[in-house]
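After this come two complexes, each holding chain A, first together with chain B and then together with chain C.
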Partner chain A sequence: MATETLPQTEREELISGSEAIAIACSLADVDVITAYPIRPYDTVMQYVSKLKADGAFDCDFIVAESEHSQFEIVKHASAVGARTFCGSSGVGWFYAFEAITVTAGLRLPVVAMVGNRALDDPGAFGVEHNDAMAVRDLGWMLYWVGTAQEAFDIALLAWRIAEDPRVFLPMAISCDGSFLTHSQAIVNVPTQEQVDRFLPQYDRGRLQLHPDNPITVAPQVNEDWLMEIRRQTDDAMRRSSDVIREAYDEFKQLFGRGDDSPFIEEYMTEDADIVLVGMGTLAMPVRVAVRRMREQGKKVGFVRVKFFRPFATDEIREALSHCKAVGVIDRDYSYGSPSYGGVLFNEIRSALYTLDNRPLMQSFIAGLGGREVLVRDVEEMTSMVQDSIDSGQVKEENTWIGVRE
Partner chain B sequence: MTTMTQELPQVRGVKQIPVFEGFTSGHRTCQGCESALVMRLMIKAAGPRTIVVGSTGCMYVANTTYYSTPWVVPWMHTQLGSSGSAATGTAAGLASLMRKGKMQQEPINVIAFCGDGGGVDMGLSAISAALQHDEYNLLILCYDNESYANTDIQVSGSSPWGANSTFSPPGKVHRIMNRRWKKNTVPMLAAGHPDVRYVATACGSYGPDFTNKIRRALTIGGPTFIHSIDPCPKGWDYDPKYSHELGMLAVETGIWVQYEIVDGELILNGPSRAIARGIRRRKPVTDYLQRQGRFAHLTEEDLKFFQERIDETWEKWWIPGIVPFGPHDEGE
Partner chain C sequence: MSTVAVEVVYRGIFQKTLARNIVRTIVFAARKEGKIGTAFGRYGDSPERNGIPAKQFAIVSDSPEELEENLAVYEAGEVDVTINVDDTMCKGIESWAWYGLQPINALTKPGGTLIVTSRQEADALIEDIHQKDSPFNLAIVPATTSFSGLWVYKDDHTDVRILGALAKVCPELVSLDSMVAALEDQGWGGLKLTSARNSFDRTTQRPVEPGEGNDETPFTFELLGWRAMEDGLVIRGIDGATGFRGGSLAEDYDPIRSNASGDTDYQPTRNSVFKKFSTRSMRPVINFETCIKCTLCWLQCPDTCFDVTPDGLYDANMDACCGCAVCEAVCPVPDCITMVNEAEFNDNDSQWEHWTRDKDGYEKWMTELIEVQKAHDADSERSHGYHSPGKYEAESESEVALTGDDD
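Right after this comes the complex of A and B.
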C-alpha cells in the first residue's frame, strides 16, 4: 500500500506547495501520474518521483515526451477508472491545450497542478495567471491557492469533487510560481485513515471503459447532439457548487481547518468602504497592507477569490454589495478587453451588474512575470480607489502598477 | 517487465479467422474502403476482451456516428496525434488498477489505431514514446491510406511521390507538387526502439497474414507497432471493387514490402519474401500507378523515375526495400 513508510499520526512538515501536493497524491493513492519538465510546476513531479523511488508511493509514474502526451495519457487512464494527476506551467500548459479541452469535454476527473508562469515570449519564469485562466471557458474547475497548507487541502478536495458522479469534471489547482511552488511553510499532514475516510475510491461507474462495459466514448455527434452534450457539461459545472460546499463542510469537520466559504475568503470586509480583490499569494502583501491601513483608520478590506470556476457569483455579490468601491488586482492581462481591464476585474464587474447599488470599479494589473507586489503598491492602489470615491467617478478604469515608463 | 497477455493462436488459412465480429454494421465508410476491412480483421483477431482507442481520421469520423457505432468492443476516441499516448494511458490505467487490486486481474488487449496523418506525421513522437515503455502491453496500428482522406484528401508524410491530392494538385507550372518520398516508418521505429519485440507491415489483402500479425503483436508482450497499407478508392481514385487487387499490386510491384521484425529478426512475408529470394519478379510499378487517378498526370519520364527509385530500394539498399543505409565499404 501507499502508506507503509508514511507516519500514521498527523504530523507537521516544513514543505513547499509542490511537496504538499505530492504528499497529497500519495495519501490519495493516485494510480497514474504523468510528468514533463517545465518550471516551476515540475517540482511537484520531482517529489512524486522520489516518493515512488523510495517505495513510499505505488503509482504508475510516466515521464511523457511532451505536455500534450502527458495530458492525453492521464485522460485515457482516467477513462478506464484510474485516479490521475498531472500538471504544467505557462506555455507547457498551452502545448497540452488540445488534450486539456477534450478532458473536460469527456467529463474526465483529471486533477492537474498549474504552477502559474508567464507565457513566452519573452521568457520569464515568474507568476502570471494567464496560463491557467486560458481554460476558464472549457469545463475545468479552477482553484487559486493561497498557502502550502491550502495546496495540500485543495488537492484532497479536488479528487473528491472532480470524481463525484454529479460533477465528473477536471480540476486545476493553480499555484503561483515560486511564491508557492518553491517557498516552504508549515503544513499539517493528516493520517492515511483520515484521508481514507474523506476520499472514496474513484468509481467511473457505467462510464468506465472496460470489456465488461463495451461503450463507445466520444462518437461523432455533430449538430444533432453537440448542444445537448454542451448543456450537460454546463449542468455539471452548476452542480459542482453544491458538491464543493458539501465536500468542504465535511473536510472542515474531519480535519478541523478551513474558511467560512470554499469559494472566497473575506478579510476585514464587514464595514469596509473599499474592498480589494485578488487571487493567489497576492493575499499576503494585501492583508499586511489592509491591516496597516486599518491602523490608520482607513476602512479597507480584501476578498480573495479561491474558486475562479465555478465562479461564486452570489457570494461575490454579497461580499461586495456593501462597499463604495472595489479595486481588483489582476495578476493577468487581457489585451483589448472591456476597459482594458484584467480578467478577474471584468468577471467581477459582470457579476455586480445586477446590484441595486453598484460600487465603483477599478482595475489594476500588477505583479506580472513574478514581479513582487509590495505593501506600498497595495497602499497606492487603495489611495487611487479612494480618489475615485472622493471625486465620485473612476477616471482611469485600468492602471498598470509599478511599470517603468 | 510485462504482465500476462492473452492466448491468441496463429491461424492457418481463412477458415480459421474467428467468426467473432467486433466491428459490425453502422459505420459509414466509403464503398471499397480497405481500412474498414482492416478494422474488422483487427478486432476479429483480437477478440472481445479488447479496448480499442481510435485517433481522429477516417476510422473515427466515418465509423462512430452517435447512435450507430459499429464497435462491439469498448471504444474511445483520442486526438489526432495521440494514438501512442492513448495506448499508454489505457494500458497504464489498467496495469495500475490491477496491480493495486482495484480491478480484477485479466489480460486485456489495448489497441490504439491512427491513420497516416495521425501516425506517420503528427503522432510520431507519442508513438515513439509509447514504444519505450516495455512495461505496458499495447499495439499501435497505423492504417495508411496515404493521405488525410477524411478532410478531402490532403498529402501526408506517407503519400507517395507525385500523388495528386487537394494540397498537391498538378498545375500549369508545377506538375509534381508532392516532391516528398514516402516516409520509411516501420524501419525507423524498429531501429529506433530496439527493445520493442514486434513491429510489422501488413496489408488487408492478405487476411490470414494480417490476422496472425495482429495476434503476434498482442501476445508477444510490451508495446508493438503494425503499419498497414490501405488502398482508398476516394483518395487514390479508382473503382472501389479493386481495393484488394491494388493492395496486392503494391506488394507485387515492390512499392510496399511485407515483413515483420520479431525480437530483432527480420522475416519477409508472402510475395515480398519471394521477390527478395529472386523466386518471383517484381511487376513494373506502372501496373500499380496507372490503375490510380492520383497518378494520371505522371509523364513517361515521371513513371521511369518512379521505377528507378523502387529499383534502387531493392538493388542498392543494404536490406532491400527496408534499410537504405549500410556500412561504409572500406575495401579489402
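Right after this comes the complex of A and C.
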C-alpha cells in the first residue's frame, strides 16, 4: 500500500484512452512524436495535435508520409537522445514492420501505442489482438490496457521502464479499438510536478548518437556477431521484469493506485475451481460474469494478463496452480497452432507444463473484429469448462464463441 | 442504486459536435451529484460522412461497479431517454455499419422518453415514429434542426435546450441545478444558462400509447452464418440493369451513348437490402415540365439514384437518394430541381409516376412544396451546413430568440 502518497492535486478529466495517452505525452514532455492516420490509433494524433495547437504541448510533431517513415523517424530520434512516441493500428503497424523489428535490436526505447484493430482485408475497424501480437518475439515489451486510467498510467511507466539503461527496449501499449480509443471515462490526471518526480530525463549516455560522442550504430554483422547481439537483447528483456516491478512499486507509492502486480490482475482467484484468463477490455464483461456466477455459488475467478512481454511465467504459474481448470479467452487467432488454440492459450499452457498438478486447459476464440464478448458468452465458456471438470477431460480443446454457424 | 442510459441520435458531420456536447455534459452533471459515468460514440458508425445517422451514448451510475455492469454490454439494449436531434430521423435510421432500418425509438425503454428537436407538432411526428408494444413519452424541444460542419459549430443553444429538457423528463438522471453547474464549468454562461432553464420550464411530454404511430415494418435482412458464406471474401454481383421498372432494354442499348442521348429507358441495378434514404434530410423535387433532358443530374448523382423513364426524363429513386443536393446544384434549369425538407414527405413514391398519373395534381403539390421551402429558406430553415462566414451567427440569433428570452 502507498505510504508516501502526494497530496491529492490530480485533476479529473472525461477522456478516452487515446486522449489519456496524448496527455501523458505532454506531461512526459516527449520530444518527437510521429503520426500517420489509421483508425483507431488516429485518435491519439488528433489529441496530440490539439494540445500542440492550443499551445499546451511543445514537441516536434511530424506527420510522416507512411507508417514506415513514422517508425523510422522515432527510431533515429531515439538514437540521438530524444524521448519519442508514435503508434499505429492493424495493417498500418504491419506496414512499418521493417522499422519496428530493428528498433528493438538497436535497443531504442521508443514507446508506441497500438490501437488494436483487425488486419484488413476484409476492411474492419474493430479490435483483434493479432496486430500488436506480431512483435511478441522481437524484443518489444508488450502491455494490454484495461481502462482509460490504466492507459494513462502505463504510458508514464512505459518511458520510465523502456528508458532505463538496464533495459533500453521499445514498448508497445495495446489499447482495444473502440472500447478504449473511443470511449470517454473519468481519468485522474496528475500534476506536472508529480510526473516530474516519477519520470527522470531520458539519458542515453555512452550510446547517444552525437558529434561529441562519435559512434557507429548498426554496422553489417554476420554469423560472427549476431548470436551475441541477440543474447544481449534477450538479457535486456530478462532484466526488464525487475525494472518493471521497481517502477510499478514507486508509481503506486507516488500516485496511490495500482494492482498487486504490474504483470497480472487477479480477480476472485483465491478459492476458484475455474479461472478464466484474458487480456484488455474483455475483462469488463468477464468480471461482471464472475460476480454473477459467484452469486450462484460457482467458484470462478479471472486473471487479466497485462504484460504479455515480458511474460510473467512465475506469477501466472502461481495464480493458476490451485484451480481445477483454466479457460483462456483469446481475442486473437493463430491458424494451425497447437490444438488450434489462441496465442495466449498456448503461452499459458506452455507456462503451466512444469506444474505438478496441471489444471485442465481449454481455449476460446472470442470477440474478433470488435464483436462484443457478452456476459452470457462468458457464462457459456465457464459452463463448458465445468463440463470438462465433471468428465475429467477436455473434449474440445478449442471453441469459437459467438460466431454465427 | 440506479443507472440511467441516454442515447443521442445525430447526423454525421453536421451534428457530431452537438452530440458530443450533450453526452459529455450529462456525465459532468452526474459528477456534480457524486455519480460516475461514461460517454462514447458507437464505434461502428462513420460520423465523418454527411448526414449518416449515428449515435453517442452517456451512461450514468451510482458506483463504478454498477457502471461496469452496464458497460458489460457496449451498445445498450435499452435506454431511458433517446434524444433525436433531427426530426427527419423519426422515420427510422440506418447506420453506416448496420444495414437495416431501425425505428428511432427502438432502444427507448417502456415508459422512457424520446426527445426530438422539431418545429412540427407531436401528431405529425408520431405519424413517422414506428409503433412500439410499450408506452413511451414524446417531448419536443421547439427548434430548427441544428446543422454545423465538422470543424465549425453553430452555437444556437440547441445543446443546452436539450439538456434543460432532459433534466425535466428524466429527473432521476440529474437535477437542473447540476446540469447548469456542469454548463458553467465548461465556460458557458449568461443567455445559454437562461436557455437551459427556460427549456426545463417549458418542456412537456405527450404520452404515446402502444400501437400508436407508424405501422410499417422496417426493412431487415438476414446475416449469414460462416458455413453458408462464400469463401474468399467474395460477394456476387446482382443481376444487371434493366429497362425502366424492370422492362427489357432496347436492342441497340449502349450503356453510355443510349442513356446520354435519352433514347432508351433504363434502370440501374440496386441492392434491395442496401437502401440509403435515412441519410437524407432533404429530397429533390423535380419539375418534369421544365426538364430539358440534359442528363446532368443522372450523370452526377453520386448514388446512381436516377432512373431514365420511357419518355427520357429522370426520376430520382427515393430508396437510393441520400439527399446530397448535387442534382440541384448541377441542374441548369432554374427551379427544375428543388431540395425540400424531408419532413414534408411520408413515403418514397415515384414523383414521375405521380406526374404521369395526374399532371395538374402534381403541379399543385410541387408548387406548394417549393413555396413552403422557399419561405423556410428565407427563415434559415434547413440547409446542409456551413456555407459562408457569418451564416451561423445569423442563424443562431433567430434560434436563440425561440427560447433564450427571459419570461
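Here is the rule we use: the second predicted complex is superposed on the first by the 396 of 405 C-alpha atoms of A that agree within 3 Å, B and C clash if a C-alpha of one lies under 4 Å from a C-alpha of the other, contacts with A are read in each partner's own complex, and residues count from 1 in each chain.
Everything that follows uses one rule, which is that a contact is a pair of C-beta atoms (placed from the backbone, for glycine too) under 8 Å apart; a residue touches a chain by one contact, two chains touch by 3 or more.
Note that this is a predicted model, so its numbers are computed, not measured.
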item	value
Fit-or-clash call for chain B and chain C when the two complexes are aligned on chain A	fit
First, second, both or neither for A:Leu355, with chain B first and chain C second	neither
A:Val80 touches, of chain B and chain C: first, second, both or neither?	first
Which superposed partner A:Ile62 touches (first chain B, second chain C, both, neither)	first
Larger contact residue set on chain A - chain B or chain C	B
Chain B versus chain C as contact partner of A:Val221, first or second or both or neither	first
Which of chain B and chain C A:Pro211 touches, first, second, both or neither	first
Vertex chain A; arms to chain B and chain C (CA centroids, nearest 10 degrees)	90
First, second, both or neither for A:Ala53, with chain B first and chain C second	neither
Closest approach of chain C to chain B (Cα atoms, Å)	25
Complex contacts: residues of chain C adjacent to chain A	24, 27-28, 31, 36-41, 43-44, 68-69, 71-75, 223-227, 233
Sites on chain A touched by chain B in the complex	29, 31-32, 58-60, 62, 64-66, 68-69, 72-82, 84, 98-99, 102, 201, 209-211, 213-222, 224-225
Complex interface listing, chain B residues touching chain A	48-51, 53, 60-61, 64-67, 69, 71-79, 81-82, 84-90, 92-97, 99-100, 102-103, 108, 125-126, 128-129, 133
Complex contacts: residues of chain A adjacent to chain C	12, 14, 16, 40, 121-122, 125-126, 177-179, 182-186, 284-285, 287-289, 370, 372, 374-375, 403-405
